[in-house]
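The structure under discussion appears below in the form of structure tokens.
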Amino acid sequence: MTQSHTKISQYPPGDFAIWIFIYAELLVFGIFFLSYAFARSQNVELFNESQLNLNRISGAINTLILITSSYFVVRAVAAIRENKSLLCARWLLAAIVLASAFIGIKLFEFISIYSEGISLSTNDFYMFYLSMTFFHFMHVIMGMVILIAVMLKAKQGGYSNEDHTGVETGASYWHMVDLVWIILFPLVYVMR
Amino acid sequence: MSEKFTKSMARNIFYGGSAFFFLFFIALTFDTTAKLPERDHRENITEQVVLGKKVWEDNNCIGCHTLLGEGAYFAPELGNVYKRFGNSKEAIIGFIKSRPVDGIPGRRSMPQFNLTDEELDGIAEFLKWSSEINTANWPPNIQG
Amino acid sequence: MQYKSQAVAKPYFIAAIALFVGQIVFGAILGLQYVMGDFLFPEIPFNVARMVHTNLLIVWLLFGFMGAAYYMVPEETETELYSPKLALILFWVFLAAGVLTIVGYLAVPYATLAEITGNDLLPTMGREFLEQPTITKIGIVIVALGLLFNISMTALKGRKTAIIMVMILGLWGLAIFFLFSFYNPENLVLDKIFWWWVVHLWVEGVWELIMGSILAFVLIKMTGVDREIIEKWLYVIIAMALISGIIGTGHHYFWIGTPEYWQWWGSIFSAIEPIPFFMMVIFAFNMVNKRKRDHPNKAAMLWAMGTPVVAFLGAGVWGFMHTLAPVNYYTHGTQITAAHGHLAFYGAYVMIVLAIISYAMPLLRGRAAANSKKSQVVEMWSFWLMTVAMIFITLFLTGAGILQVWLQRINENPMGFMEVQDKIAIFYWMREVAGIIFLIGLILYVVSFFVGGDEEEASS
Amino acid sequence: MDKTTTTKSNLRPCTWVWLTLMVLTLAVLTVGQMGLGGVTIVALLLVSTLVKTHIVADYFMGLKQGRLLWRMIIIVYLWIIVSMIGLAYWLGIS
């Protein structure tokens, strides 16, 4: 037990391979955020004006959804650590349901923007808004796929309190998706 | 206790990540091709332009020149040569026609390709059309 | 050599080296034409010589990859090749197609070649690196499919290691993306967009899988480090390579008529493209430090260690230098690109093929584990001569490029292209000297195969 | 055994983290709906972003327990991103 304990503290939760991926993804998102901020400083008026056109309410709702979903995943990890596979699967299911709500709201946002005739080429602000939110959107889908896979395995009792690296791996990725959105929302929707 | 850094997870990330980013690339390409008509002025691709591109390829012009910055770096950029030659097709045709068969002693020279008048007109039309593509303001100046 | 059918790799490697020599000879001719414009004119004009130079490069690297595949697949899958005969037939087909194409380039004007090979029926010729007659392209596809059939069938009946799966995936990708070379729309912009699907997705995509798998194979063999560890890192590295490299294609979509957002997408993703190369350096040196045996083939080790280092320099550092859109605006289509292209290709692909040849050839020739000390010393000399010469070629071309950008693009009174070329001729002369040294290094490399002496036994 | 006990004590802070995140998000929304801007507001928003991401990394991701290195990578990253964004906004004002 002590040996496994030192192993735990050696690496962050989950499979270390996912962490290499997480750091790389954060790097990409980070460059995107900074590109946005510095491009904005060249053209503050355009960015401020276009920003007003965004639906802040749906953005905020999505933030709440994602945070809560992340919290549910935390509960799922806690459940499997107590060897409660079914409970873990249920928390994961709740997180997945919220994630699909995020997808739905985001799609609604994209459609309404698209119906205004706005695209990547409209102006720099929309280029960033669409690039970053769509890139993040794809990550939510990817995260959902991972969570679904983990949930199915958990349901079949594939994890235990001894061996649940898979759950932690999926959870770590999902928290990353959440973390990125927590920066993205105030940056793109609110800050002016 | 299982390994904390497993090959199977690394493999999943490779396959999943690659597929993910390739899909994304396809999505962006899709958007690009949808936007292209506004930028490449394809309505101006006449029969002459099509012939010109063929002549361009059949004589391997890209083996010395760049076109929109891509190709060999031995001879001048031709994406904007129409403008550099004073918006003149005749100047382009005249230049190509007048290349000496045996070259210029000690200097780089374009070969004499013995093109027909129709082909010459085609290549000039092709270069004219190329100069009208929206290239985000590239090259920085007329020298290419 | 553990499996009899591995022997088919030998002709592939020999052909690769022979064509490599041809490539460098034409490189030297090109270098001279840069400073003596009328050299060999009009017999071999620059465009023809360049076409021979670049096409030979592609063909001999493909020979190298194929040879590597035939060598690695039986050993990795622990079973004889599905059909050694097919491999030999394909060798002769590919060699004939390659040689005939090169002869065609040199014997008749390109336009005549286009005419007699029926380019009017399905025009695919006359685009950079894809100059081959359509019929040659079809030949390449057939050879690639034959190879894929052969090694896939072998892998199916044998052990499926990560290394071999990655290699097969890379070769499949190579074949599939090559199909875009048959798409040649009348619209130049579309043509260019999908031309990069061959060129970029080859060299900054699927070729990296092949390179990674060869490197991993050589490292396992030479260091004796646990396969699990090496394969794990292989996956992580190629994952990073594709994650950055696929959308990194965008750095070619800055100025060819594509929408402006590519300037951001291309810059951001290609900015992280050096990371996999950096990881590769760390990985290779780590594995050597953890080595469980000292392999007697020091020369192969040198190539295997040199590959990630020079690839990182050429592809990573020199690539990053001009990949950001605001920089590329000025450097696009100048000698800077040529500098990057030379070092990247040499580091990533030339060196990895030479590494596997260096490792496999002694075994293919029935020697104990490595060539004699004397032979290895000559080979290591060739390593240093070629590598240092290539670094100098890169530095001189970079110098030429910086001056060119300054005089032609940034200056308030920009000079014309040809005028600038005269001003930077001194760099081209120095490049040519470095090129000759590279050629000497290459000759030495060939010589090393004929140096005798007592062979090195494998130590445990 | 010690693992389960540490886990149990982890859940309660996570619940607090969740509630904090919800409250801070609603605060951000209020700021946005009021159309507020300027140096102070941007600074406040950035600080709240830093706080939110910090606690997500520490508690949700569970980096507080592990080796310091993995946590520091994220922390340093967050500080760099947030301060650079601040710098860019400051440049936009002047």
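In order of appearance the chains are A, B, C and D, and numbering begins at 1 in each one.
By definition in this document, a residue touches a chain if its C-beta (ideal position, glycine included) is under 8 Å from a C-beta of that chain, and two chains touch if they have at least 3 such contacts.
None of these values were measured; they are calculated from a predicted model.
Colleague: Ranked by contacting C-beta pairs, which pair of chains comes out on top?
Modeller: Here the largest contact count links B-C.
Colleague: Using mean Cα positions, find the chain sitting nearest the overall protein centre.
Modeller: Smallest offset from the overall C-alpha mean is found for C.
Colleague: Starting from the mean Cα coordinates of chain A and chain C, work out the distance between those two points in Å.
Modeller: The separation of the two C-alpha centroids amounts to 39 Å.
Colleague: Would you mind pulling out the distance in Å between where the CA atoms of chain B average out and where those of chain C do?
Modeller: Centres of chain B and chain C (C-alpha means) sit 23 Å apart.
Colleague: How many angstrom lie between the centres of chain C and chain D, each centre taken as the mean Cα position?
Modeller: The mean C-alpha positions of chain C and chain D differ by 46 Å.
Colleague: What are the residue numbers in chain A that touch two or more other chains?
Modeller: Residues 10-11, 17, 20-21, 27, 120-121.
Colleague: Which residues of chain D are in contact with two or more other chains?
Modeller: There are none in chain D.
Colleague: Hunt down the residues of chain B that sit against at least two other chains at once, touch-wise.
Modeller: 5-6, 10, 13, 17, 24, 31, 35
Colleague: Which chains are in touch, pair by pair?
Modeller: A-B, A-C, A-D, B-C
Colleague: Quick check: in the complex, which residue numbers of chain B touch chain C?
Modeller: Touch residues, chain B against chain C: 5-7, 10-11, 13-14, 17-18, 21-22, 24-25, 28-29, 31-33, 35-36, 39-40, 42, 45, 49-50, 53-54, 56-64, 66-77, 101-109, 111-113, 129-130, 133-136, 138-144.
Colleague: Quick check: in the complex, which residue numbers of chain C touch chain A?
Modeller: Chain C residues touching chain A: 232, 235-236, 239-240, 243, 259-261, 264-265, 268-269, 271-272, 275.
Colleague: Touching chain C in the complex: which residues of chain A?
Modeller: 17, 20-21, 24, 27-28, 31-32, 35, 120-121, 127-128, 131
Colleague: Sort out for me which residues of chain A touch chain D in the complex.
Modeller: 1, 5, 8-13, 19, 23, 26-27, 30, 33-34, 37-38, 40-41, 44, 48, 52, 56-57, 60, 63-64, 67-68, 70-71, 73-75, 77-78, 81-82, 161, 168, 172, 175-176, 178-179, 182-183, 185-187, 189-192
Colleague: Flag every residue of chain D that touches chain A in the complex, lowest number first.
Modeller: Result: residues 1-4, 7-8, 10-11, 14-15, 17-18, 21-22, 25-26, 28-29, 31-33, 35, 37, 41-42, 45-46, 48-49, 52-53, 56-57, 59-63, 65-67, 70-71, 73-74, 77, 80-82, 84-85, 87-89, 91-93 of chain D touch chain A.
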